[in-house]
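Each of the next two complexes has chain A plus one more chain, namely chain B in the first and chain C in the second.
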Partner chain A sequence: MNELIDHIKARFPIYDVIESQPGQIFVSLEASKLIPMITSLKTNHGFTVLVIFTAVDWIEDDKFQITYVLNNPKEKQDLGIRVFIHRDDATMESIHHLWKHAATFQRELKEMFGIDFPGSPGVDDPFLLEGWDNIPPMRRDFDTKKYSEETYFPRPGRETNDPATFMKQMLYPDD
Partner chain B sequence: MSEKKQTEQDKFLAPENKKHTVIGPDGEEIQVDPLNDYFCTDLPKVEAPYKGVLEKFLNWARAESLWVLSYGTGCGSIELPPLFSPRFDAYRFGVAMRPTPRQSGVLIISGYLAVKTLKRVIRSYEQMQNPKYVIALGSCTINGGMYWDSYNTINRLDHYLPVDVYIAGCMPRPEAILAGFNKLKERIKSGNAEGANEYIEKLEWYKANQKKIIKDWNMPTYNW
Partner chain C sequence: MFPEADEQGMPVMDLDSQKYIKIWQGPNHPGVTGNMSLELTISGDEIMHAKTHVGYLHRGFEKLFERRRYIQCFPTCIRMCVPEPDINEYNLARGTELLAGIDVPPMADWIRMLVLEMARLQVLLRMVPGQAGTIGLGLGAQWGLYYRELILDRFEELTGGRIYHMYILPGGVRGLLPDGFKDRLEDNLKKVESFMKDIDRLIYSNAVFKKRTKGIGIIPNDWIEPYGITGPVARAAGYQTDIRLDYPYLFYNQLEFDYNLEHESDVFARFRVRRKDVDTTVDLLRQIMAKMPDKGDFKAETPNVLHWKVPKGETIVRCESSRGEYTFYMVADGSMYPRRINLRGPSYTHAVAVLEKLLINANISDVSPIMVSLATCPPEIER
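== the complex of A and B ==
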């Protein structure tokens, strides 16, 4: 395993290498180096499966984190690669030429986070949200509760309890 | 359909639904306008119930033969198959599954509804023949359930379709659904299950609610 990391380290500027559990490693990388590194992993190191590919909104740092998880089925090894891009002009290079199904992930990320992948087939088509006209719903500055209350006719009379205080009252009413 | 509405719809239309020309087998050119050609654009009319004994007899007949559209949304679609298995055996109550809206009289909304699904549900409901009934399962259809603050699921089904029977639970067991069918039968026999007519009487209100959340409305006002 360490061999692989050393090997990659020699060629690509990776940092924050974390072995989260046996057989699973996460590394961080500069966004512009992603395509060469992923191509080399796929062709030379047997990471032939794109397991998942998703984003996290770090609104405080003004960044999106995109995580690519690759799998090497022969060695039973997972490798997660994290890249960070700016929130304002969220654009990332498409990897649909390496894995066809990446186009679906990219279409979803475009809709849910507003991250653009120029050149990816069908990236602008609606996926789950047909006719959505607000900011992308998975961005953390989108207030889903407020949107739901304004849009979907909430039924009056719903009560929400804080679980801790509620259970305390139920179990120990005298305290 | 008015011209203005037509252009409003155009921006959401899939290319095959826009007005276009097709070449027939003998080389002739045919103009097609799919939305107007394949749908009836007239609005439906209220069908007043008959009077007295005849209506009572019809209602008895309707209640004893409920044909359900095989359509599932949300978690509840898992509870429906056992209903038709030997253990719960809904057939003994005259409940049967049908594969198409044209042949069914009961629409079961079996859980949360995303906006995208609601659009399909409305189309299915409007294609069903009168008399038709709606059963709503689970708290998601009543007040949103645990998806009450989601950006994509509706909270109250009765704002979009006329609901005859709600079955509470998350998710209701097949026994509860059977009880719900019996409630629906009682309701039909008592002559109160006039949901289809209510829908037509209040069509404007229902359509306004539906169009408020379905923003890419690219179908006729009433799909039948």
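== the complex of A and C ==
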């Protein structure tokens, strides 16, 4: 695995190389170098399976982390590749030409995080949320509690208690 | 070419020409597993185009994880898969341990392995006899439920819960096996074995079942890696994959078993692989019971779980479910709450990309067998 990392390091500007488990390495990369690197990993180094393709919202840094975890089934190795893009201009290159099921991941990321993948088939089709008109729900600034209070209304006559004070009253009524 | 293609090579299906009809299979349909629906464009009884629609069961679990402490994620994560919740417990517990650097006592790992194999057996006892229900032979499914309940009795005895157990926690498990547990499980396994002989006669020797399932829904070998196909579906195409053997976790490297392979890659081959999986699981349960120690420490020391700050890091954890590879991707940011927990189950590709492609030119009555042979489970898609 270390030979592979040295080989990649010579060709692509990777940084933050962390071995999370034996046979499992995460690296960071510039977003513009992603497609050449994973194409090379897939065709030359046997990383033929796309296991995880998801995003993490680092709202405090104003960035999205997109993680691609590739698996080499022969050598039993996992390589996680992190790329960071700005939250305001969340666009990433599509990898649907490399893996057939990547379009499904990209459709979900477009809907849940608002990350666009131009050219990916059916990327604008709703995946789970039909008729959604709010900000993408997996972004951390989407407040689930506020949304449910605005969208759904409690039945009239129903009492709402704060759990901490209610339990305190029930357990220690004299305090 | 039928239907005609446009300039981009996409099929043109004009519903007004009366050659094509659009129908919906699901979300409420006896031949559909769970809450999903298929939008089918048919010509006669041949499917020209299929599209999967999910979202009927979306509960926002991955969003909920972000607002919960690690221990509070357990009651949520197990509900991601109703038939087989223990794999979620294991993956979440293992991921938390890896991030926090906790070593688990060997006794806990043996019990975890026993629980995971019992979970696999109870899923297979529902799936293997139930798969013939898709072509109208529902008897096996009704018999199978009784034998599944026997395993659920053991779960109730061990954990207190029948379906959702919350028995595997970070650091270990909640307790040791009760007295006489192994004998009672052995009794159940004997009953399951004799039941499987009935199932062989009822289903696998049935001429109608063979005729309806052989030669349909064939997945070519070169689809496996580009589509990310895993588990029994890949093994039915002769592709050697089993996370328990490829990436041994717990003590699977101390047990003796092999890949259950078939080569035809049709619906019948996938059903055959699952039938072989029952025998393997029963054998593994016996091996685990024989090799596991009787006593030992079952839980490592962990910090107070309500104030537990897990160090910054990321990891992926995978295990073999009854349907294929089940992977968790966990990111911790050093706070008491996980930054991101992402789940990828086998249905994510099986029920969307693979199913949509596989149904083209299939007969409308073959939709249910093909779908069930891929073991689609919608909650994995809409976490």
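The criterion applied here is as follows: the second predicted complex is superposed on the first by the 153 of 175 C-alpha atoms of A that agree within 3 Å, B and C clash if a C-alpha of one lies under 4 Å from a C-alpha of the other, contacts with A are read in each partner's own complex, and residues count from 1 in each chain.
The rule is short, and it goes like this: a residue touches a chain if its C-beta (ideal position, glycine included) is under 8 Å from a C-beta of that chain, and two chains touch if they have at least 3 such contacts.
Everything numeric in this text was worked out from a predicted model, so none of it was measured.
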First (chain B), second (chain C), both or neither touched by A:Thr54: second
Chain B versus chain C as contact partner of A:Phe12, first or second or both or neither: neither
Winner by number of chain A residues touched, once chain B and chain C are compared: C
First, second, both or neither for A:Thr104, with chain B first and chain C second: second
First, second, both or neither for A:Phe84, with chain B first and chain C second: neither
Which of chain B and chain C A:Leu129 touches, first, second, both or neither: both
Partner chain(s) touched by A:Tyr152 [first = chain B, second = chain C, both, neither]: first
Touching partner for A:Val69 - first (chain B), second (chain C), both, neither: second
Chain C-contacting residues of chain A that also contact chain B: 126, 128-130, 137, 144
Chain B residues touching chain A - in the complex, by the definition given at the top: 12, 114-116, 119, 142-144, 148-156, 159, 209, 212-217
Touching residues (chain side chain A, partner chain C) in the complex: 18, 20-21, 23-24, 26, 48-52, 54, 56-57, 67, 69, 73, 76, 78, 80, 99-101, 103-104, 126-130, 137-138, 140, 144
Contact set on chain C toward chain A in their complex: 54-55, 58, 60, 62-64, 66-67, 98, 223, 225-228, 241, 246-247, 313-316, 318, 325, 327, 329, 331, 339-340, 342, 344, 348-349, 352-354, 357, 382
Of all residues in chain A, those that touch chain B in their complex: 126, 128-133, 137, 142, 144-145, 147-149, 151-155, 157-158
